[in-house]
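Listed below are the structures to be examined.
Two complexes are shown next, each including subunit A; its partner changes from subunit B in the first to subunit C in the second.
For the complex of A and B:
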């Protein structure tokens, strides 16, 4: 009885300590995430220029949003870049992982290091790097085409309306491929070597091993990684801003750039908040759908 | 048979070398260009510089105020990473081992917080800070936002690590009469070094490159501008001065690459612990 009582008080003391430890984190997260999110939602129903008093206007901002062609195109651009760059990152990352795995651990280390490098570079650095590489006259890519005699392939990569989104998506996918390679490689390594030995005894070559063993077994990891990549792929502000600032014209004006323009250039904070709300809803829906789609079978081994 | 196997391994090696070259060359090219004079650059794009020429770096420091930006970024990274680590460690330990009520729902909430795009919070965050006159204080607006944004992910990862410490270890400490606090400081935290390093390396990469909020938070001031915003301003002024631009890019990139080479292990761990969470 007495023992039970002390254990009880020890538990509640532990619990109090635990709650105490959570307080600072709760305060900071509330201040810079939770309260702003709630506020953003409220603000999206209001008209406010930042100085005068706020006026509630109901759904006006949302009506404006759906009639504003620049904003609507922004949503299309954002989704396009996110989806295309994710697909590129997944395919090239998987390809690299399969190649690197074939080389064995010792030799593969150097390649893993090299292919992972872009993934740890900040978007802004990648963006500026590629404005240099892709610049029309002195850029590496166009110069390269000139040297090998394919002048016809020279482009203003970041200044042609139809091309600019593709360019951004490829660069962003290239950056993502490193993380994908690393994650899928670690998944392949955990497959028991006995399986590969058995396969070799049966005379399977590497491409058969890939199809029959590696791909089915790492499917769950591929699903998980594509989710992570897709979530990351909507964070496009830094790379697009550093490469094109939304140009040429509005041809790469993705949602975040448009939102900040509406807010900080035109002082329509209510409208900007509404853009933020719809963007969040859209990202959540896409992540939710992809989660349903990529859920594959899990093999026990 | 053996010829065929050799053939395919050699082919794979060749493809990998080619792709590694494509991946590395843009960075190398940028590095080489940064050491060239403008004449050298325009006369022959591909040639190596006749001598290592650090004019561009000196000029970037002088006219581009890069020294200031660098200092600001270091201060911002140091303060926000230290605070994130301390606060997140305590919170994560509480959620893992201190019988906090609703720990599961709190973890779920943190996970959602981490996924939600920053776009859903920055407009009101700007207004809150502007109402509180925080933008007059150097570093604080940027650091405060980073702190709040990095905490959820860091807590989730550290909590997973603390869950992996065997309960028996903590129980036996308790039976030996060690108080909750001394168990934490003497037994648990010394074990957490690797997990903390992992999170710190990952968080550093975010803080070092973040542009959107840093740019908004320094719209009205000249003080406390970090490297990312400095680079963008620089680009606006010296669009086609590639020598200067490449030097500026290298100054941001080189510390990161050095760090990466030494702390590779933690980068990869951060990646995988991020992937298995939730």
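For the complex of A and C:
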């Protein structure tokens, strides 16, 4: 006992030190996230215009929510855009990662940079850019169709009710594909090259290697990335607002835009909080389902 | 090694402690009033200093939010204010953007309101209903209405709610139309300066047929103007206009349906540029089309028209009043660009003093020098066309729009009309009718 240490006391000291280091971050997250979440939940049971005193109204806000057709449509639009854009981002990101993996170092670096560039651009910039690209008269897309003789494909991409959500979802998915590509590429490069060598010796081509080696081994990463992409997609606000502001009419009025209107235009902060709570629950359920769907085994190698 | 470890641990603990203290301590100056919450110390933040610490030698800190980023005239006004009050107030300016309503309400709710804010005088209902706006009536009527008399007759009416005035105008705003006379001549048509709706639609049809262009440029943000104008002008009797404004006439009334149908017809016949996609066309796209001669008529705001014509390089432009569906010659009470003061502002007298200076002929003369019509008396302009850009100022409706009945009706008509009517037909009117009944029963 010359030094007065035992293994147990050293372990508890290390643990205490770790806790001490985490306390500032935990306090910060509590103030910036946890407390506002709890406050929002409490506010959802109240009527408050942001200025005068608050009045508790029980479940009235939730009853109003389920009777409000505009809000219910907003939930549908949000889910649609989130799911479709996530699928597009995942599929295109995976496809790009598999293609880039085949390239050499130098070419791969260049292409990775090119494909990742959209992910670096702010959503507002993307939204404004595509507003011009998708302009019915002078936009790049319709002009391209005109040049190649496919005038029948010209559309008012952001003005037709049946088309606007698909358009926004594709743009959002395109923007997210770069990040997915980088993350999945990182997962692919961690696979030992010996596996690919063995596969080549057995006569497997690249598509077979993808099916039998790459996809099974990176499935946990695919699951993680798809969850992150889905969470990000549900928070979509700026790209929708910059492209359509929820229009035409309210055919792309997603939940965040509706919440802002309810809170800051109608001064119904309690109702807006209720919308937020239900939206959070809905997103959690969808994330849970997606985790079950995209589930992979973890292999040790 | 042991001492190295101890030093490292001590350094880490100290770092954590410093982070913790700075995170908790970065609350800025605290206010002693009941409504105050945390303030930022940075000058770029929208915060005001503590009132209790003001002494005679300390200037009162004010935060003003009066200028849009692209409004050169407003930026000049900021400079004039800063210079004029340099010895008295420590003024910080924040830029106005499309989230102005949210920003003002957030600052009010936090207990640190801006001291003076740009806002549209006809859209004050959201603030008035929640008691968020300062009643300016006592200040306007002080000294026998000295300040009130500086404003153009009738220009304060739109910001009057239950007999109280909650905002003052600086630049009257109303919709009008610019016509490219060269294109009209090519099509062999003329149009009067104050056209009826029928005349306007007939000319649109002729121009489209003769020139093969989609003649009317109306950007998506202003797409509700035709509906709003028609809903005010369609009534044969003046009493009906009043009844409509008060929400006494249902949205399913045949004349209301006709007003909506006429606007829907514009889009169905593809008179609105660029045809398909007209509901989402931006002002920039309209400006490009206007300059390129792709449209013969451009909907515009009166005070933006001079710059629009100048930027397009068009020389032969006719200024039209907005087409009217009914017998009266009024224009939409589109209100005005103006200013409001939050109800819980800390220095109302200081805010009023700045506001009086801001709306004085001395300051607004520079807008008149740039052909912008203003809402005060005592300004002059040498430009012979100045009158054209403000000719309809005195013709505003005395009745308020139905949009002022409730924020929900206002939001619906501002953002969802005419698109929802075009796509959903009568269902859209039923939604509006539901909102009207809610608003009327709440009053």
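Heads up, the rule we're going with is that the second predicted complex is superposed on the first by the 269 of 301 C-alpha atoms of A that agree within 3 Å, B and C clash if a C-alpha of one lies under 4 Å from a C-alpha of the other, contacts with A are read in each partner's own complex, and residues count from 1 in each chain.
Rule of thumb we're sticking to: contacts are C-beta pairs under 8 Å (C-beta built on N, C-alpha and C of every residue); 3 or more make two chains touch, one makes a residue touch a chain.
None of the values given here were measured: they were computed from a predicted structure.
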Overlay on subunit A: subunit C relative to subunit B, clash or fit: clash
Which superposed partner A:248 touches (first subunit B, second subunit C, both, neither): second
Contacts of A:155 with subunit B and subunit C, given as first, second, both or neither: second
Of subunit C and subunit B, partner touching more subunit A residues: B
Touching partner for A:217 - first (subunit B), second (subunit C), both, neither: neither
Which of subunit B and subunit C A:261 touches, first, second, both or neither: second
Which superposed partner A:33 touches (first subunit B, second subunit C, both, neither): first
Touched partner set for A:116, first subunit B, second subunit C, both or neither: first
First, second, both or neither for A:51, with subunit B first and subunit C second: second
Partner chain in contact with A:136 - subunit B first, subunit C second, else both or neither: second
Touching partner for A:21 - first (subunit B), second (subunit C), both, neither: both
From 22-30, 130-138 or 202-210, the subunit B stretch with C-alpha clashes against subunit C: 130-138
Interface residues of subunit A shared between complexes with subunit B and subunit C: 17, 20-21, 24, 28, 31, 50, 131-132, 135, 138, 260, 264
Residues of subunit C touching subunit A in the complex: 9, 12-13, 16, 19-20, 23-24, 101-102, 105-106, 108-109, 126, 129-132, 220, 273-282, 285, 288-289, 294, 343-344, 407-408, 410-411, 415-416, 419-420, 422-424, 428, 431
Of subunit A, residues touching subunit B in the complex: 11, 13-15, 17-22, 24-25, 28-37, 39-40, 43, 50, 96, 99-100, 102-103, 111, 113-118, 120-125, 128-133, 135, 138, 140, 143, 174, 179, 182-183, 186, 205-206, 221, 224-225, 228, 231, 234-235, 237-238, 241-242, 255-256, 259-260, 263-264, 269, 272-273, 275-277, 279-280, 283-284, 287
Of subunit B, residues touching subunit A in the complex: 8-9, 12-13, 15-16, 19-20, 23-27, 29-30, 33, 41-42, 45-46, 87-88, 90-91, 93-95, 98-101, 106, 110, 113, 115-128, 144-145, 147-149, 151-152, 155, 180-181, 205, 208-212, 216, 219, 228, 231-232, 235, 240, 242, 245-246, 248-249, 252-253, 256-257, 260-261, 264, 267-268, 271-272, 274-275
Footprint of subunit C on subunit A - complex, ascending: 17, 20-21, 23-24, 27-28, 31, 49-52, 69, 131-132, 135-138, 155-161, 244-251, 260-261, 264-267
